[in-house]
Structure formats: structure tokens, C-alpha cells
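In what follows, chain A forms one complex with chain B and a second complex with chain C.
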Partner chain A sequence: MRPADPLNRREFLRRAAGAGLGITLAGGLSGLAFDPEGPAGLPREEAKTGLPDFSLPGTAGRLAIARGAERRETLGLALRALGGIESFVRPGDRVLIKVNAAFASPPILSATTHPDLVFELVRLCFAAGAAAVVVTDNPINDPASCFALSGIGPAARRAGAALVLPSEGLFTPVSLAGGSLIRNWPVLTGPLAGVTRLIGVAPVKDHHRSGASLTLKNWYGLLGGRRNLFHQDVHRLIAELAVLVRPTLVVLDGTTAMMTNGPTGGSLSDLRETRTLIAGTDPVAVDACGAELLGKRPGDLPFLGAAERAGAGTVDFRRLAPAEVST
Partner chain B sequence: MSVAVHPAAPQRPSRRESAIAAALMALLALIAVAVLREQKRPHPAVENFLYARALAAAARAPEPAALFAPPEGTRALTAPERFDRDSLSDKIDGKAELYLSAGFVRLDCQRLALEGDEDAWIEVFLYEMGSFENAFSVFSAQRRADAAALDVAEFAYAAENAFFFVHGTRYVELIASGAGEPFTRAMRAIARALTAERPAGRPAWTERELFPAAGLIPESLGRVAADAFGLAGLDRVYRATYRTEAGEAMLFFTRRESAAEAQALARAYLEMLRAFGAAIAPAEGLEGASRIEVLDTFEVVFTRGPFFAGAREAADPRLALDLARRLDERLAEAGHAPR
Partner chain C sequence: MSLITARRASQVFFTALFLWFCAAATLGERFTELSGWPVNLFLELDPLVALATLLSTHSLYRGLLWALLTVCVTILLGRVFCGWVCPFGAMHQFVGWLGMRGRSLPARLEKNRFLPAQNLKVLVLAFFLAAAALGPAGGGSLWAGLLDPICLAQRSVNLALLPFLERLGVAARGEPRLAQGALAIAAVFLAALLLNLHRPRFFCRFLCPLGALLGLIGRFALLRIGRTAEACSGCGLCERACEGACAPTGRIRTPECVVCLNCLADCRHGAIALATRPSAGGEIPLPDPGRRAVLAALVSGAALVPLGRVGGSTGAAWSPSLVRPPGALAEEEFLARCIRCGQCMRVCPTNVIQPAGLEEGFEALWTPKLDFRAGRSGCQHTCIACGHLCPTAAIRPLRLEERLGTAEFAGRGPLRIGCAFVDRGRCLPWAMDRPCIVCQENCPVSPKAIFTRAVYPPVRMEEPLRVGEAGGERIGLAAGRLEAGRFATGDYFVQLASGRRIRIRGHGEREIELSAAIPDTELPAAGSALEIAIRLQQPYVDPRRCIGCGVCEHECPVLGKRAIRVTAENESRHPRHRMTL
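For the complex of A and B:
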């Protein structure tokens, strides 16, 4: 074997300079080829940062727990305990009700917001003087089938609300300041245009990925795109949604709770009559209270703690001295 | 000055060279970490482009033929739908992971209406799981506690408004929009039509024979496809609950590729429980087995040849030991190598 040539300082520096030049050229070419916009295919639109805050000054930390089997009755009781619907909806308001219409399944399965509750809430908003009430969701399944078969669509229309089904033009990219998941992500913002009040209405359900589907998870239905990716980090996503969406009021329907096999269920034996409806202005507290209907503690649902740490509310719902009423 | 390299005695790099080399390696490592970190984040533009392309492809795909001929008294209410591994969550959202981890291949579904009542319908879900074992996994994972017996298949049960059963490599759900005799009658007709359309014999499933017969609660028989008992990697686990005079407890086993793999899994299981504060000691009366006390319950776990097995959730340590010994005997009778 031929012995290696001696390596002097000059040769070393020459080789080092050559290697450096090679790296610089490769990096430079990569930089030229880099497309910061990503592939074409979507309209290029500047992402909005955050969503409007719909919470009302002076109503923070209100919480009511109403017990009874009849949803329309318990909703009325809970709202009265919170100061009446008039505390949240004033004459001329334009109200958006975000329901859970995720699945094209019948009301008896309790996988979606119950149509009786939708009807009554729309009716109460109009009774308080709302100029318009809109009901929307971006369901998992085909939207038209979901709203029709869940009974939500007919109930909303019967009460006089407008139904907005998601379509491509209603989504705009939104980023959450400081968020790590909701960044330049399509959000169903179209129905929010001109809205002055936002109310979330969700059923109490077990959820295979997140442990529970309550009012915070309900905001997942505002997301578009390939949102199932977020299931890999669902707790963080729900916590980010809790920061992104600041509603006027949330209503959690635990009249019948889906105890197992959520979020779709399928069998009546997955359900239990828990005869409780929770309403409030702190969605984290409402969900912490609702978790108990599923036999869970806030610590069992990591998204609750994460939402609290992010400043979206408190898991210690008893500290809010909830008003407890029953039929 | 020259940095001489003697051919017979390789030159050691100078400190400066070593430092430069280390800095370059560290820089490369940093770049690799940054690339990996960025890759892990879903890029909205890319993801939504792929999603839009998938939707466009789905829209171009021809509509599949009817799933099967609707039986008498029913008619197709909606067109059939098909979902694959990428789109399953578009149908069942967060429950998709349960199926995906069990080997899901595709889902076909369709709604059938009952003749004469527009609001009365049944949705048929046909989950193709690729094997009987996979189908049985998702069937047993979701089995409802107060289920009623159903004779449409060997593994089947009925709820007030639904039928659930395994047919060949499929897991089938029939979910009605209401409860009552007309729905039950229609679901039975649909189940008959489905099983007649694609006959499937009794599954060749030898694992269940390994469970001791006495005391076994038949409907408790199950298979956990992945992450059994909270341990990542503990998959393909068969389990069954036993009712005895001393109380109830679970027996489980999983067959691995080798005895060494079974032993490694057993060690990982014990480590996990130890981290949760379990008290672990040798189980007297079953050679090589471990006795575990955790959260006021007792377990006895062991390996036999390629099997990792044991008894769990016993309120009495003697019950756990007794059941574990009976399972060990069955595994031995079945001709598996001693530990």
C-alpha cells in the first residue's frame, strides 16, 4: 500500500476551504429551491390570528347545574339560574349556535346535540330579541345527512334559525398566537361573520382518543382540512381550541350520557340517564363538572389541565359556587 | 511547520482538528434534529393539499355497487359509502384508532329504510379486518355489558337497537334509528342476507382452546390487538374472565415468536407495574412466576415457552395463583416447551 502523503497546514486549510465551499453551495442551492409557500392547490390567503372574543364582560365564572329528564325544562332552569338568557342575548344580537352534528346518527344514540335542546335554545334566543340565529357545524360525516338524520336541521329550522352547512368558501386559515398545532389551519369562520354572540351546545360523551367529548371538544367541529391528524395530540389541540374560541355561553347536555364506545356509540346500552344539564361561561369548569357524569376526574382528562394552564378557565368548578337547580 | 504523518505510525489528529471535527459533527446533529422536529409538524399547506387531492380522487371514483340486495321489508335509503385506512376517521372520528390498531382494511356502509316508514332506518357497517382474529378483537373490545344472545353468528350479541357480530374476516354492526320489534325483525333479515351472501365457516381459532374450561364466562372471551393493560408492545393478547367461589379474575396469554421474546415482554410488564408502585415477589407454588400486588388486587404472571401469561384482577392472591396454575397446565398439555 502506498503510504499517505504528509498533510501540512496549507493542505489542511485548502481541503477545509473546499469542504466549506461545497457545503455553502449545497446550502445555497437548497435555499434557492425552498418553497416557503408549500405546494399550490389552495388559495393563498393570509392567516388570521385568533378569533373574536365573544365572552361578555361581567358574566365570567357563571355556572349552573340543572337536574331533570326534560331538556327544554332543564335548559330553562339553568339559564334562569345564570341570570336569564337576557344576560347573554340582547335585542338585535346575531347569535351563532355551534352544535355537535358530527355524525349522521339518530337522536336516540346521543352522539350529537339533541334536537329538542337546539329548538329550545333557538327559541329562547329569539325570545330575548335576537335579530338572527344561525346553527352550524362541520361534521365528520356528510353535512347534509348529519343535520337531517340527527334531527338538528329540522329542529333549527322549525324554531326559525338559519342552518349553515360548511362549504369551502366558509373556511379561512387561522393561527393561534403561541399555538403549536393551530397554525395557518382552515377554520369555519364564515358563519361567524357579523355574529355578536357565540353559544356552544354539546352532549356528554365518552371518547376513544380524548377520554371525553364535552363542550371544549365540540370546537373541533370548527376545524376544516385533514383534522384527524390532530388525534395524535388531541389533548393539546383541545387546549388550544379552548384558548382560540371564547364563547358567550356553553351548554353541556348530560341528560343522557354516552358512557362507553364513544364518540359514535351505536347501542342504547352505551348510554346512561344522568339527568343533568350544565351551563356556564367557563367552558373548562363546565367540562370539569361534566366529566363527573362519565365517572372521570379532571385529572383523567389531560386537556382540562392544559386548558386551565393556558388561562382558558378553571377545573375547580366548585370554586365558582355553581347554582344547583332541579325540576 | 508541517503536520507530519508517519506511514508506519498513524498520526493522531491535533486538538484543533478534533475540535473542528467535533463542532462540525455537532452542527450536523443540530441540523438533523431541526429537520426531524420540523418534519413532525404537520404543514397546513401540504396536508390540505393532500387532503384536497384525496377528496378530488374520491369524487372521481365510481360509486360502488350496492353492498348487498336489501332483504324484503327494507330498501336502500342512501348510497353505499366506502372508507379506507386514511379516511376511516371521516366516518367514526376518534374511534378509528381502535380499528386501525387491529388491522382494519376497509369499511363499507349503507343505510336501509324500513318499508313504509321514512324515519325508520338501519345503518349497516361492514368492517373488513383482514382476519377473523382482528375482527374478533374489535368485536370483543366493544362488547356491551348487558348484551343479549344472538344466533346469527358464533360471536354475536344484540342490544335494544343494534346487532353486533363477527362474520368471517368482517366485524358487522347493524344500528337502527329506533328500538322495537320492526327494527329487530329487519336487522335479523339483514344479518341473514349478509351471512348468506358470503358464507363463512366456523373460524379455525385454536387459542381459545388454551383457556381452562371450568369457570370461564364465555362472553368475556376477548382479544386485545395492541397496548394491552397499558403496556406498549403487549399486543395480540387473549383474555377471559373466570367466576369461581373465591371471586372473579382474568386470565390472559399472548404467544410470541420465541421464548426469549416472551421473557422480555414479561420483564417489561413487571417493570411497568413496579413503576406504578406494585409489590413484586416470586410466586410460591408456580416455578418462575411472579406474584404482584397492585392497587389492592393480585396478579401472578409467568412465561411458558413462547407464551407470556398470567392471572389478573384477583381480590385474593390464592385465586390468582390457582387460576395461573390451571392456565400453565393447559399450556403444558398443549405441548408447549417448559420454561
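For the complex of A and C:
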């Protein structure tokens, strides 16, 4: 149609229909998108409550202290005294090993779980019939560097374990029932999926704020988000972690203890050969025992008493009649 | 295989190789990581990088000797580097090809006509070389890295393309890497590519200082493109896809020819040849930017460095926020070498090395700067990767012993890149009555550079507390209430008049349970005021120990403006920046 042509009926109807459709579409879309309230404040994420309990019935209160300089031997001895790895890992189990890989630091400085210990523990789990073993931590320094430099990554892989480095998708918010600090807090739950056994392996280290970094403090590495804030109330936080995380077994490596400058260390002069490896099913008792390697009494570490009062274990570890073995 | 196919294959190969080297330049032993790949190859093959650093430092560092290979090839064959090897050139050619599709022959001929403005690149080259050669005290500044095609492409891929792809979830290892100011870097890169839609190889023809340099080197090339007199009909088809716009029809401009060989393929009369004899149509062996223009470019290039430093950026007004990577040379020597290629930033395992923006002055643009908030951690004090990758030794390769100050370096102490300062107005134990010391815990040196002193200030209470009944491990309150759980954290103490402090183990609203019994002689009297004290460990920095790694700053829970911050004070590379005796 040329512009000069008068509007005929057909053209008028066509245009009217088009205009009507346009207006209806615009109106309809506006109606669909109409938001009289404006945005709400922060979205409320529903947090999962608690974590699965990995402790095994009938193994409560077992504690073994093994003396010796060779980690693979003392681990074997301690586990035998506890009834053997078979009483903790059964065929088909999927085991998660939470190491302390916090720093990009070589094994000789003892700021991280020793790779020999990781290797041996993974090996023993597989020997006991484990279907899968996963090694994880959420380190403080760059994760890839931490696992590589600490030797934990290569050791785990050599023994056949899978290594899980933290990434955003592996954290989910978790609340601790009755907890005041762990509320809706991101926790590294991804590696826990499908896991039936949880083993914590930590070195004995001085820690200026909490007094000592042992197996309970090691669970700090399962936290994500702004976990540095928890230093403001570190004892209560460790006590809450003790309630939140119920492991199958913990291993505290005091073969070499970091006596000063913890938890990073950085010098051989910070270390002392204390030739002790402690394993048990009660992390509070294990830590109370390990604190002595640092020359501390349980009373010096308020988180131990708080954890005991919260029902997470026994500070008076001698009451558990620990088995003492040596190489 | 025709020559054109060979040239295309070569371009695809070298571009893929270049991109692969960029992607693989991350620390690690795996095949997809550094693990021995010669990731600096293209930068080292670049004669402009070599010549500019030669002028600015009077030396040719390590791998830069590879540029000699390019020089030799150019002397023999002309600008084959531009047409066959340069990955940035290949990208330009590809975009230019897109822009020329569907255009008529006359339009193509017009787009590939030589323009006098192509001489501009010679001026760009003169400008940068003068800046490199004639800085203060002989050491110039390597501004050439801004426009050198290899540096530009390497920087853009390292700091814009790869982080962008990681953000989209492609090839990310862990969290995607951050790159400050990536938008500006990408904008320059994209602008250079999009200009090809206006004219093919726009950057190469008008701006590229490396192309200008190779054109000069290749003026006596043994094998040259040229016309044979006998067969030519003067149809002009040879300029249909001429990449260099070097006018093979008429007097060929040898320094513009990028040896794309399209003319050879397009000529239907067999009148174009790659030959040792000069073109029958005559040759113009040198670019002609004009003597005055060259002089102006040289003078302004020479003026650039002193002018840029009038503000004192390398002297009295040095920027304390410009913390350079470990091993970086003193600022003036550093600027005489840094080509802003971004290799140090790409390889840094903690992503703490970031491109500086304009906040550090124009001369520092896109040079490496440590950003302790953006990184995944501070600068790991056992890492020396950046200096070993730096192609020009602007960051010199350190041995770990030197960085840590051990073995034969024990006398000098560890290398310092700065010093941490506690901001007492922001630090929680200093200003807010909150325990914290995350910084102290994470300080990686031994003995720690951050130490603490404990103080026990009285806690601020809404209403005064008065003692009711006291005895053994218990104190009942006659007045005042305790907020549920607040003082049971292990950090609170009851302060007795005798000076003794006893830790509070737990409490109810009106009763306190202590972790030890109060000695009978020190029992507070009923009705006396009760003081609760909090134990605060307040952080201090020992400048003799602090290496400026910034782990403390990275970990500080005061996230916005950190309560402990590293500045370049006391850095080893500048005796002038020394802070303590």
C-alpha cells in the first residue's frame, strides 16, 4: 500500500488487531512482572540441622597411646590396641579422612598432617575393605598449594584415595541444634555425601588463641564462609564443633609437636620430638591427653571443659584406661 | 599443499600454541600446567621486547636471545613473523576476513590500498624506543609493552580472556581467578580486533611497533614478493586480499609486506613471484613517515619518562600501596624491564599479583601489584614462581634460600616486600574489646612477626555488679545481672581486689562459677563492687621479622578496609624505603 492510499476496511481491521495485540501483550507482561512490595531483605536460607553421627556403637571411650618415632608403626600399634582398624572400617564402607592441610608448608615443619600418616591410614582403610576413601580439608592458604606442598595430596593419591579440594558448591549451610555460633553456617558437607565413616587426623600444635590445635580444632577446617570471625569466641566454637562432628575415630599425631609459633610454625626450632601418637573414639579425651605433650593441663584449654559439659566427651582421659603401647 | 594453506596452517598452529601456553602458565606438575612448557616462547621471540630491554638495560636477558632467530628469519625472508607466526596478527587477519566477506572487488581494492597513515607505526616504534633508551640515568621505561602485539595479546589472554572463561565455568581450577581492571585490558584488546572490520589488519598496518621494526629489519630480505614485468596485465587483482596493504601492483612497499602470499595466489598471470630480484614495478624499501615526524616522536618518547616522573613516583613520592612481587627490582630498574605481559600474574598460585590500575600512576599501568584482598591468600613466602617466569627479569629469579634468608643468605635475612601495620582504630582487640588475633595465628614466619601483649581491661557493663555471697569457686550477685552465656567463653575473668584474676567457667544470671577457688583471704566482701575483665591479646608487628607477605591482611576479619595492612615500607628492593635501623 502506498502512503497516499486511503485506509480500507481490511487494512483498518488488520492494524486495529495488531494494536490490540500489542497493548494486550504490554499490559499482560507488565501485570506478570508487577511487584508492589519491592525486594525483601536478605534471603533466608534454610539450614540443615546437624551432621550425621559417624561414631560406632560399642566403641565409645576407646583410647590408645603409642610411643615411637615411626608414624606408620605407631599408628598400627595404636589401632591394634583399639581393636584393629576392622572394628572401625568394614568392607564396603566409604571413609572420609579429614586432615589438617591448613598451610602451604612442607611436612618437615609439622604444620600439617604428615603424609606418611595419611598414606598409612588410607592403606589400612582399603585393607579393611573400604570401598572408597576421600581426603579433604578447607585450608587457610591456597588449597591446591596446601595439598601439594604438605605432601598430603600426593600421599593420598598414591594410596588410592580421592582428594577433594573445597569449592563453593561443596558447602551447605548447617545449624547446630542448641548452638549459638554454628547457625546457618556454610560447612564443607559435599565430601560427606555417601560417607559412612569419618576419621580425623591432626598434628599436635601450639595455638596462640585457643591454647592448642588438636583433633577438635581440626574440625574448624570443615567450616567455610567468614570463619575467621569465630576467633572472637574460639573456645565455645570448638566446643560446638565437638558436638556437631561425631567422628568414627580420631588420630592425634604427636610424633613431633609444634611447641611454639603455632599453628603455622615455620622453623625446626619450633618443634620437639614427643614421639607419641594418640588414637581414640573420644576426641575430648584424645585432646586432653595430647595437650600434655605441649606442657599444658586440660584446665588451660577452656574448650575441653566446655566440650565435656556439652556432652562431647571426657576430659579426664585416664578414666578411660588408655592402652599404652610402644615400638 | 599450496603456500596459502601452509601459511594458514602455520597461523592456526602458532595461535593455538600461544593460547595453550597462556592457559598452561599456572603452577603445577600436570600436563595442563606449567610442567616445563616454554610458556614465554612468543615473548622471547619478539625482537621488540629484546631491543627495548637492550636499550633500557644494556643487556639481553636469558631467553630474549631467541629474538635473534626472528631477526635472522626477517633478514632472510621479510616479515614472515607477522604473516605466519604472530598470534595477534592471525587474530587480526581472521577478523579482517570476516569484515571483508561479501564485499565487491573495488571495495576490497580500496580497503587494501596503501595509506600514508601506515607510517604512523614507525613513529610509535620511535616513540617507544626513545622512551626505553633515554630515561634518566640511561635506564628508560618499557612503555613498549603497552602496544607490543605479543605483550598486548599475552596480557589480554592472561588477565581478561582466561579469567573471563573461568568465570563462565570453563577450565576453572578451583575458584575462578580474579584480575583487577580486566575490563580495560579487554577493551583495548577488543578495540584492536574490531578495528579490522574497518580495515583488515588495522593494528598491524597502522599501529604495530613490532611490525614497524620487522619492516626495517627486513628491508634487504633475500626473498621478496615482487612483480615480474613480462606477464603483468595491470589488473590489480593482486591487491584483492593484500594483508599488508603494500601495493604489489605498483612500487611495492617492502616494509609493509607481511608475506601473506595472497597476491601470489590471486594473480592469474603468474606475474607475482617470491624472488631474489627486485620487483619489476620498483620497490620502496623504507617507510616514509617524514624526518620531522620521526624526530618529534623520538623527542617526545625521550621526554616521556622524565615527564612522567615529574611527580616523583620513583623518588620522594613513591607509592606505599604499590607492593611489588618478591624479587622485583628497585622501581626504576623494574620499569626499565617490565613489559606488562601478565605472566607473573598468571602463574601466581595465590592470585595475589594483580595488574595495577591508574591509581598507581600511568607508568605503572598493568604492571604487577600485590592485592591482598583479591588474592586467595597472601604471597606465600615459600614460593618463587613469579621471578622464574618473568621473561625480562623485572622480577628477578630468586632462589628459595634467598627469599627465606637461609644458607648463604642468612646474614641478610629474609627478603621483605613490605611491612604490616596494625590499624588500632579498626583492630578488634585494640578498638572493640573483642578477642581475635587471626593475623598472629596466620603469620607464616618463625618466630612470628606478629606478637601479642595481653591486657585485661574491665568489661563495659550496663549496670554495676555487686557481690552477694562468695566462697570457693562461686560468687553470687547482690546486684546486677549477667547476660546469658556472655561471659562463659573462657576469655572473661573476675578481677579480685588483690590483683588476682580467676577465669570464669560458667555463669547464671546472678551467679558466677570460677575455674579455681578464691583464696579465703581474698574473698570479696558482700556488697563490694565486682569487676569482670576480658583478656585481650593485642597484636604488634616486629619489623625485623615482617616480610610483608600480607597473609595477615588477607585473613583479617575486618573485611572492607583491613585492620592490618601491608605497605611497601621497609621493602628490601629499595634501601631508600628502609624504615628501621
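Methods note: the second predicted complex is superposed on the first by the 282 of 327 C-alpha atoms of A that agree within 3 Å, B and C clash if a C-alpha of one lies under 4 Å from a C-alpha of the other, contacts with A are read in each partner's own complex, and residues count from 1 in each chain.
Convention: a contact is a pair of C-beta atoms (placed from the backbone, for glycine too) under 8 Å apart; a residue touches a chain by one contact, two chains touch by 3 or more.
On a predicted model such as this, the values are computed, not experimentally measured, just so you know.
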Exercise for the section: Based on the superposed arrangement, let me know which partner A:21 touches: chain B (first), chain C (second), both, or neither? Expected result: neither
Exercise for the section: Go through the superposed model and pick first if A:269 touches only chain B, second if only chain C, both, or neither. Expected result: both
Practice task
Would you check which partner chain A:186 touches, where first means chain B only, second means chain C only, and both and neither mean what they say?
Solution key: first
Handout entry: Which superposed partner A:167 touches (first chain B, second chain C, both, neither)
Key = second
Practice task
Please indicate which partner A:303 is in contact with in the superposed arrangement: first for chain B, second for chain C, both, or neither.
Solution key: second
Problem - Touching partner for A:29 - first (chain B), second (chain C), both, neither - result: neither
Practice task
Classify the contacts of A:207 with the two partner chains as first (chain B alone), second (chain C alone), both, or neither.
Solution key: both
Exercise for the section: Quick one: classify A:60 as touching chain B (first), chain C (second), both or neither. Expected result: neither
Handout entry: Touched partner set for A:235, first chain B, second chain C, both or neither
Key = second
Exercise for the section: Once the two structures are superposed, pull the chain A residues common to the chain B and chain C interfaces. Expected result: 103, 105-106, 140-141, 145, 149, 180, 207-209, 226, 228-229, 231, 234, 260-264, 266-267, 269-270
Exercise for the section: Show which residues of chain C lie in contact with chain A when the two form their complex. Expected result: 27-28, 173-175, 349-351, 376-377, 380, 382-383, 428, 434-438, 440-448, 452, 485, 488-491, 503, 505-506, 515, 537, 551, 555-557, 559
Handout entry: Residues on chain B engaged by chain A in the complex (per definition of touch)
Key = 1-5, 7, 11, 17, 20, 41-53, 78, 89-98, 121, 123, 142, 144-147, 159-162, 164, 173, 175, 177-179
Exercise for the section: Write out the stretch or stretches of chain A touching chain C in their complex. Expected result: 103-106, 140-145, 148-149, 165, 167-168, 180, 207-209, 226, 228-229, 231-236, 260-267, 269-270, 299, 302-303, 305-306, 309
Completion exercise
chain A residues touching chain B in their complex are 3-9, 12, 16, 37-42, 102-103, 105-106, 108-109, 140-141, 145, 149, 173, 180, 183-186, 207-210, 213, 225-226, 228-229, 231, 234, 260-264, 266-270
